[in-house]
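Inspection log for the structure reproduced underneath, given as C-alpha cells.
Note that the chains take the letters A, B, C and D in the order they are written out, and that residue 1 is the start of every chain.
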Amino acid sequence: MSPLATVLRRVVGLGAAVLLSSFAVFLVPFVSPGDPVRSLLRARMDFGEADEATVQAYAEQFGLHDPMLVQFGRWLGRFFTGDMGLSHISGTPVADQVLPAIGVTLSLAGSALLAAILVSILLGVISATRAGQWPDKLITSITHALIAIPEYALAPLLVLLFAVRWALLPSAGYDSPASLVLPVFILALRPISFFTVAVRSGVRQALDSEHVLAARARGLSRTQALARHVVPHGLLPLWTMVGVWFAGLLGGSVIVEVIFAIPGMGRLIFDAITDADIPVAQGGVVVVVTCAVLVTGIIDLIHKLSDPNVRIGVRHG
Amino acid sequence: MYWVETTFWIASPRRKSMAKELEFIDLSVSSGQKLLLSSARGALRSGELVAVVGRSGSGKTLLTKAIMGLLPEQLQAEGQVLLDGQRLDQLGDKAMDQVRGRRISMLFQQPKRVMNPRMTIRAHLLEAMGAHGWGKARQHEPRVLALLEEVGLFPAAQIAGKRPDQLSGGMAQRAMLAIALAADPEFILADEPTSSLDSILKAEVLQLLRRKQQERGVGVLFITHDIASIQHIADRVVVVSDGQIVDQCPTAQIFSKDRHAKTRELVEAALPALREPRTETSGCLLEAVEASKNYTRRAKGQAALKPTSLCLHGGQVLGVVGRSGSGKSTFARLLAGLEQPTTGRIITEHNGGTATRVQVIAQEPYSSFDPNLAIRTSMSAAVHRLPVEQARERMAQAMSQVGLPVELLERRPGQCSGGQLQRLAIARALLTNPQVLICDESTSALDSVAQRHILDLLLELRDKMGLSLVVISHDMDVIRYASDDVAVFYEGELVEHRPLNDFLTSAEHQHSKDLVAALDITAAATAAG
Amino acid sequence: MAKRSASRILLSAPAFILLAVVIVTIAAPLISPYDPDAQSLADRLQGPNMVHLLGTDALGRDTLSRVLHGGQFSLSVALITTLFSLLVGTILGLLSALRGGWLDEIFLRVNDLLLALPEIVIALLIIAVMGPGFFTMVLSVGVVAWTPTARLVRSMAAQVLSTHHVEASKHVGASRWFILRHHVLPFVAGPVLAQAALRFGLLLVLLGSLSYLGIGVQPPQSDWGSMLAEAQPHAIRSPWGLIAPGAAIFLVSFCVTLLGNRITHVLGGDDVLDSEPKAEIHG
Amino acid sequence: TPAPDAAADSEARVVVANFRAPVSNWALESDDAYVLSIAGCLETLTKYDQTEKKVEPMLATSWKQTSDTVWDFELRKNVKFQDGTAFDAKAVAASLNHVLEATAPARAVNPKTIKKVEAVDADTVRVTTPAADPLLPYRMASVNAGVLSPAAYTDQGIDPMNHCTGPFAPVSEKAGQSLTLDRNENYWDGEVKLAGGEIRYITEGATRATQVQTGEADISMSIPATSLATLEADNKVSVLKADSPRTSTLYLNNSRAPFDNVDLRKAATMALDLPAMAASIYEGAAQPATGPFAPSEPWANPDLAVPQVNIEEAKKLVEASGYKQDKPLDIIAITERAEFAGVGAIIQEQFKQIGLKANVVTKSYGAVEPDVLAGKYDMILSQRNRMIDIADPIGFLQADYTCEGGYNLSHYCNKDYDKLVGQAQVEKDQAKRNDLYRQAGDILAKDAVNVWLVNEQAIDGVGSKVQGYVQDPLTRYVMTKDLAKTK
C-alpha cells in the first residue's frame, strides 16, 4: 500500500474514531442514573440543593433538555468549524481546558517514554549481547518484575520516602523539573520492561542476521558492528511500540495524575465524566484520540518510508 | 587414505615473500558432543581458485566460518588456522578484526540478505575500506567508483547511491564482490555466491570472479554443491562429505572414474544425461488461452504476465525458463488455478468434461509442511474426507510411489532431509490423483545430488502414471535434463516455445540464445566424462 | 514431548507459588485467622505482631484475613476478565484473519480506536453508566482487554494462513475446518495461552487501579486495590496496610508473568512480553 | 500561631494548599469565589467575625435597615480597586446585580433573598429584599457578594487579575494548578505583611497533608482526619482545629417504613457508639454529635448530651415498634466522602447487635440523589453544612427539615417545627432568634429524625514559619494583611 493510501486510510479511521468516541462520551449522561444538570451545578457549588427552577434555567442555557440527537448534531456542527464548545461548568471554551492539559500530558508522557527508551536501550543491548549470562538473567527478571508492580502502591511509598522522609523531591505538583521525577519514574516503569524486551529480542535477531555476520567478515569489530548494524536494526521493533505506548499514556496516566496532583489529560477527562461536563470530556477524548492516532500513524508512516522491506512490500508466501 | 596424494600441495615449500598461504590443519567444529566438521586440513595459496564441493549440510559453510573465526557462539572450533604461518585461531578479537576483510574477505550466497538494507552500496564499500566517519566519503569516492567499475557496475556513481533492495540479484552479487575486494584482500572465501542466480547471471558472475582472481592474484576458496559450474574456473577441487574432506585433486582429475564414491555421486548428478525428448500428440490436457495476470490495482500497472497461449499435452514435460520476475511462477499459479487470470482463461476441461486435476510442488521443501505437525497429519489434508482406513492405505500407496518408507510419516519435517521432504510433497500431490504436476523451482533448493534424484522420480512418475509435468527452473541444466518442450519467459511474455532439441540448436529470441550460451560454459563436462 | 513441556511449565517455582496463592485464597474462609469484617476499633492500625500477623487496618480488622479474602475478589475478577477477553479475542482474531476483507478492516479500525482510548477512560464511561460493581468491572475492562489477544491471534493466524504449507494443504483439498484445527489452532494456542498469563497479571494490576480510584469494587466488598486505597492515608503510621495488598498484587502478577514467559520459552519463543501489541504496520 | 517571636520577612511569600480548584471561570456566584476570598483578593461589604460571632464592617463602614425590606450600606471612602479605578456604589451594585442575574445563582445571594440592588449616591448602596430578612448583613458577608472592579466583567467571563480590593492582587494563574498573588501596595486597611503568595489547588487531602509536612506548602487547608495523627506527631507543623458547621449524619427516611416509626429511629440512635466512631474513623478529629447542632454554636442546646449506647433499651424499642425485618435495609454510603464506607461498616456491625440487618451500598451521590429526594431509600450517610455561606442556620433548618423544605432528605414533616422556623425567619433580635433555633433543634432531637453522628472539625496544617494565621471554619479568610512568614 502506498504511503498516500496509508495516510488516507488513517484520516478516515481518525474521523470515525473521533465520531464514535465522542458519541460514546456524549451518551453517558443520557443513560446514567442521576440528573446531569444537578451534577453540573454541584461541581460549581458544593452542597447546592438547587431548586427545580434553577435546574431548568441552567439546562436551558446550555440546551441540555433538547433531544439527544439535536444536542449531538449541534456539537458536531460546531466541532466541524473548529469549535469544541463551552464547558457546562465554567462556561468557557473547552479548548482552554483541554489544550493546557494535553500539553501537560504530552510532556509527562513524552519524558516518561524518553526515559524509558534510553533505559531500555541500555538494558536491552546489555542483555542481548550477554544472552544467557547473569546480566541478562538479572535484567530479564527485572523487566518481568516491573510490569507486576501496582503503581498505586509504589507511588505512595516513594512519596513517603523521597518527599516526606528524605525531603529530596516534591511530593506533588507540576512546576519544577524535580516535581516530574517521581511521576515520570512511575510512568516509565512498565514501558521500560516492554521496551527492554523488544530491544533485547530485536538486537538478538539482528545479531543472528547474516548481514551482521557479513559486516564482521568485512572487518568491523564487535563494537562497530554492534553500533552500526545491530543496534539500529534491533531498535526497529522498539519504535513501533513507542507509538502504542505514547497513545496509551496520553490519557492513561490518571493514577499518576491523581497521586501527584498533575493537571493532565487523564485527570481532566476523569473529572469531566464524573461531573457530567460532557463537552470537556468529549473535547478531551477527541484530542486524546486524535493525538494517539496521529502518533501511531506518523510512526507507521516513518516506518514505512524508512524500512525498505516494508516499502517494497516483501511478499510473504 | 586420500590424504596421501594430497600432501603434495599442503607440503609444498612456502615461498616466503611472494606467495601467501592460508592453511587449516585438523580443523574440527563441534556442537556439544556432535562433531560437525572433523579434522579438516587443506591450504589455499594466492592466485589459486580452489573449489569446495559437497552436498548440502556437509559442513562447507562451517569451514569458512571457522577460518574467519566467526562461528556462532554455541559451536566450538579446534585445530589450527594459519595465515602465512601465523596462527589465526589464537589471535585475539582485535587482531582478528585486522585480518577479516583486509586480508581475508567473504562472498555470500544471498547478497541482498547480507547487506544492510538501510545502507547504500557506497556506505558498504566505505565500511569495507575501513573508512567510516564523516567526510571520508568524499575522499574515498574515486576508489568507490573504481571498485564498482572494476566489477562491471555502470554507471558507478549512480549505483553507489543505491540500497541493496534497489539492485537486481546479479548486480547485488557484483556489488558484493566489490565489497569483498574493497580492502584488497589476499584471500576470498566465497560461500555459494552464485546459487541464487539464474544461469546467465551465474555464468557472468563466475567469469567475473575468475577474472578478478587472476588479475589481482588473490586466493579464492569457492564453495558450491554444483560441480558442473566450477569445472572451467577452479584449479583444484576439494570434496566434503558429512563433515569430512573425502577427496581433493586438480579439477581435471575429478571426472576420472576412480575417485571417491562421494565425488562420483556429485559428478554424476552434474552430468546432464541427454535423453530423448518425447513428442506427444494427444489432445490438450490443460490450456492457457490468452491468459494474462496483472497484480496491480485495477490492472493499471505493468502486467506480471502478458497474454499467453499454451497447451499442455498428456504425458508431456514442459520446461519453463526465464529470469527472476519474468512471470514463470505467475504462469504456474494460473495453470494450477491458484490465481484467476486477469484476461483470457485457463481451460481445464477437455476430453469428456471432467476437469484436469493439477497439483503444484513448491520450491522450498522445508516450508511446504507445517513444522509442528507430524508428516502424516499434513499429508492427511488431501485425504481427510475419506474414511480413516482408506486414507491410510492411500498414503501408504503414495509413499511407495515416491520410494519412501511409511515410517517417515510419523516424523516431523525437521527430522527429514530436503530431498525427502520434496518427495513427501510429491506424495501428497499424488494423493489427489493429479494429471498434471507443476514443479515451480522444486529442485533449486536442493543440492545437485538430491536434485537429480527428484528429477528422476518425476520422470519415472511421468512414465508410470502418464502424468504431465511443468518443470519451472532458472537452471538450464534442469530444463535440458527433463523437458520435452521448452517455454521461455522474458519480462512477462512467452517469447519462445519449441521442442527441446530445436531450442538448443536454433533458438530465436536473444534471451533464449543467452540461455543456451550459458549452458555451454558447463557443456564441456560431457566430453570430459 | 507435550508431557515434558507441560512438566517444564508446571514444575516451576512461579507455578507452585501461584498454586499456593490460589489454594490459600479459595480456602480463605477456612484458614484465615479472623473474620475479615470483624472490627475491633481498639486494636486499629497495629503493625505486624503475634496476634495479627500482618497487623490491622483503620477499623481494627485483621490485615492478613482481609488480604486472603480480598484475593478471592481480585483473582476471580481478573480471571473472569482474562477468560472473557481470551474467548472474545480469539474468536474475533480468527474471524478477522479467516474472513479478511471489510471485516478485517473494521477489526483493525476498532482495534486502533481501543488502543488509542485509554483503558481507564473507557472503564470510566461504562462505570458512569452502570454504576460500580463486579459485573461492571469485568465488562469495563473486558471491553478493551480482548484487543491484544485478538491482535495476536489475528496476526499469528494470518501468518500461518499465508505460509506455503497451508497453501499446500488447501491446494490438495483440505477443508477450512482441517486448516483451522491442524494448522491454525495449534500454532496460535501456545502463544495465546502465554499471553493470557501475561494479560492476567496486567489485568490484576489494572483492576486494582479501578478499585484504588474508588470506581471498582465497592465496600463492604473489598479487594487488594480497595485495601490499598483504604490504607494509603495511614501509610505513614502503618505502611503494612499498603505493603501487604501491594505485595499480594505484585506477587501474583509477577508469578503469572513468569509462568507465561516459561510457556513462551517452552514453545521456543523469546519473551512473553514480546506478544504485547505493537503498532500495526498495515502492509 | 506558631512563631510569634521571630521577625516577619516582608519579602516572604506563602503557599496555601487549598482543597478547592476553581472550575467556573471565577464566576462569583459559584464556589470559585471562595478561592478568591482565601487568596485575599475578593472582599465583601460586611464580614463575619468568627470569634465575636457577629457581622462587622468591611467594605461598608455601616448599614441600616430603613424599612422592613430596605437596607442602606454606607461604603468605605479610601478604597480603590487594585487596577486603580474608584470603588463606588455603582461598582458595588453592578457586582451584586451580576451575581443576582446568574442562571445558577448563589445560595445566600439570589433573587429569592434579594430583590434589587441600586446605587443611591456615590457612597450608598441600597439593597431591597422581597420580604423582611434580618439576615441581610450576614448575606452581604457571603463570598458570593464580593465586589470586583467593573473591568473584571468581560465578555469571556470574569477576569480577577488585579481587579479586587483586597490585600493581595492575583497576577497570574496556572490552569488547574495555582493562582499567584502579589501584595496590594495600596491596601485600604494598611500595610500588608507578605510580599505575595500562591494558592495551590490540591484536591487530594493526603497530598495536602504531605505538602505542609514537606514544607512545600505553608498552610494546608482541610486536612483529612486520616492524616491528622501524622501531622500532630510532626513538630514542624502545627495543627489547628475548629468546629466546622458540618455534621456527618445518618439520614433516615421518615416517610416510609420502617423509619417512619419514631421508636425504631430512637433505637437506631441508641445502638450506635458515636464516641468510638469519632475516635476511630475520624481519628479524634471530630466530636460525637449531641444533636443537629455542634455544641459550640450559640443556638445549640447545652443540655443535650451524646446519646448513650444502650443495646437493651434499643432492643426493647425495636420490639415496641413491631418491626419485623424480612429483608436487610440499605445504608447508602456516598463515595464522595471516603470515610463513609468505614462508618457504614461500623453502623452495620452495631445494628446487628439490636437485630437490624443492614447492607452497605456505596454509590456516587449524583446517582442516588433522585431516589433520595423522591423518598425511595432507607438510610443514607451524608454530611451537611449548616451554615451555607452565612453564619446562621436558618437556610439549613428550613431547607432540610420543614415540610416544604427543598432539601428535606429525611422527608420529615412537623407543623410545630415549621412554625418555629417561620417565626425565626423574621426575628430581628439575634438572641431571640437563636432561642427559636434551639427549640427547633430540640424538636428534631426529640423526634430522632436522623442519627447525627459526629460534628466534623475544620483542620488546617500550618508550617512553623507562618505568623498571624487565624483559622476560619467557614474557609473564607486565609491570606489576610496580617498573615506573615518568618525567614
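Note that in this section a residue touches a chain if its C-beta (ideal position, glycine included) is under 8 Å from a C-beta of that chain, and two chains touch if they have at least 3 such contacts.
In UniProt terms the chains read A, C = ABC transporter permease; B = ABC transporter ATP-binding protein.
Everything quoted here is computed from the prediction, not taken from an experiment.
The fewest steps needed to get from chain B to chain D, moving only between touching chains, is 2. More inter-chain C-beta contacts link the pair A-B than the other of A-B and C-D. For this pair, chain B with chain C (ABC transporter permease), the centres built from the Cα atoms lie 49 Å apart. Each chain gets a centre from the mean of its Cα atoms; for chain C (ABC transporter permease) and chain D, those two points are 45 Å apart. The distance from the centre of chain A (ABC transporter permease) to the centre of chain D, with each centre set as the mean of the Cα atoms, comes to 39 Å. Residues of chain B in contact with at least two other chains: none. The residues of chain A (ABC transporter permease) that reach two or more other chains are 32-33, 164, 258, 274, listed in rising order.
Chain D has residues 364, 367 in contact with two or more other chains. Contact annotation for chain pairs lists A-B, A-C, A-D, B-C, C-D, with touch applied as defined. On the side of chain C (ABC transporter permease), the complex with chain B involves touching residues 163-175, 178-179, 182-183, 186-187. Within the complex formed with chain A (ABC transporter permease), the residues of chain D that make contact are 23-25, 27, 29-32, 103-107, 156-157, 174-178, 200-204, 207, 210-211, 213-216, 364-370, 384-385, 388, 399, 406-407. Of all residues in chain A (ABC transporter permease), those touching chain D in their complex are 32-35, 38-39, 41-51, 54, 57-58, 60-61, 89-92, 96-97, 100-101, 159, 163-164, 167, 170-175, 258-261, 263, 268, 274-276. By the touch criterion given at the top, residues 205-206, 224, 226-227, 229-230, 276, 279-281, 333, 335, 338, 341-342, 344-346, 348-349, 359-364, 367 of chain D touch chain C (ABC transporter permease) in their complex.
Chain C (ABC transporter permease) contributes residues 37, 39, 41, 44, 58-60, 131-132, 214, 218-220, 229-230, 232-234, 236-237 to its touches with chain D in the complex.
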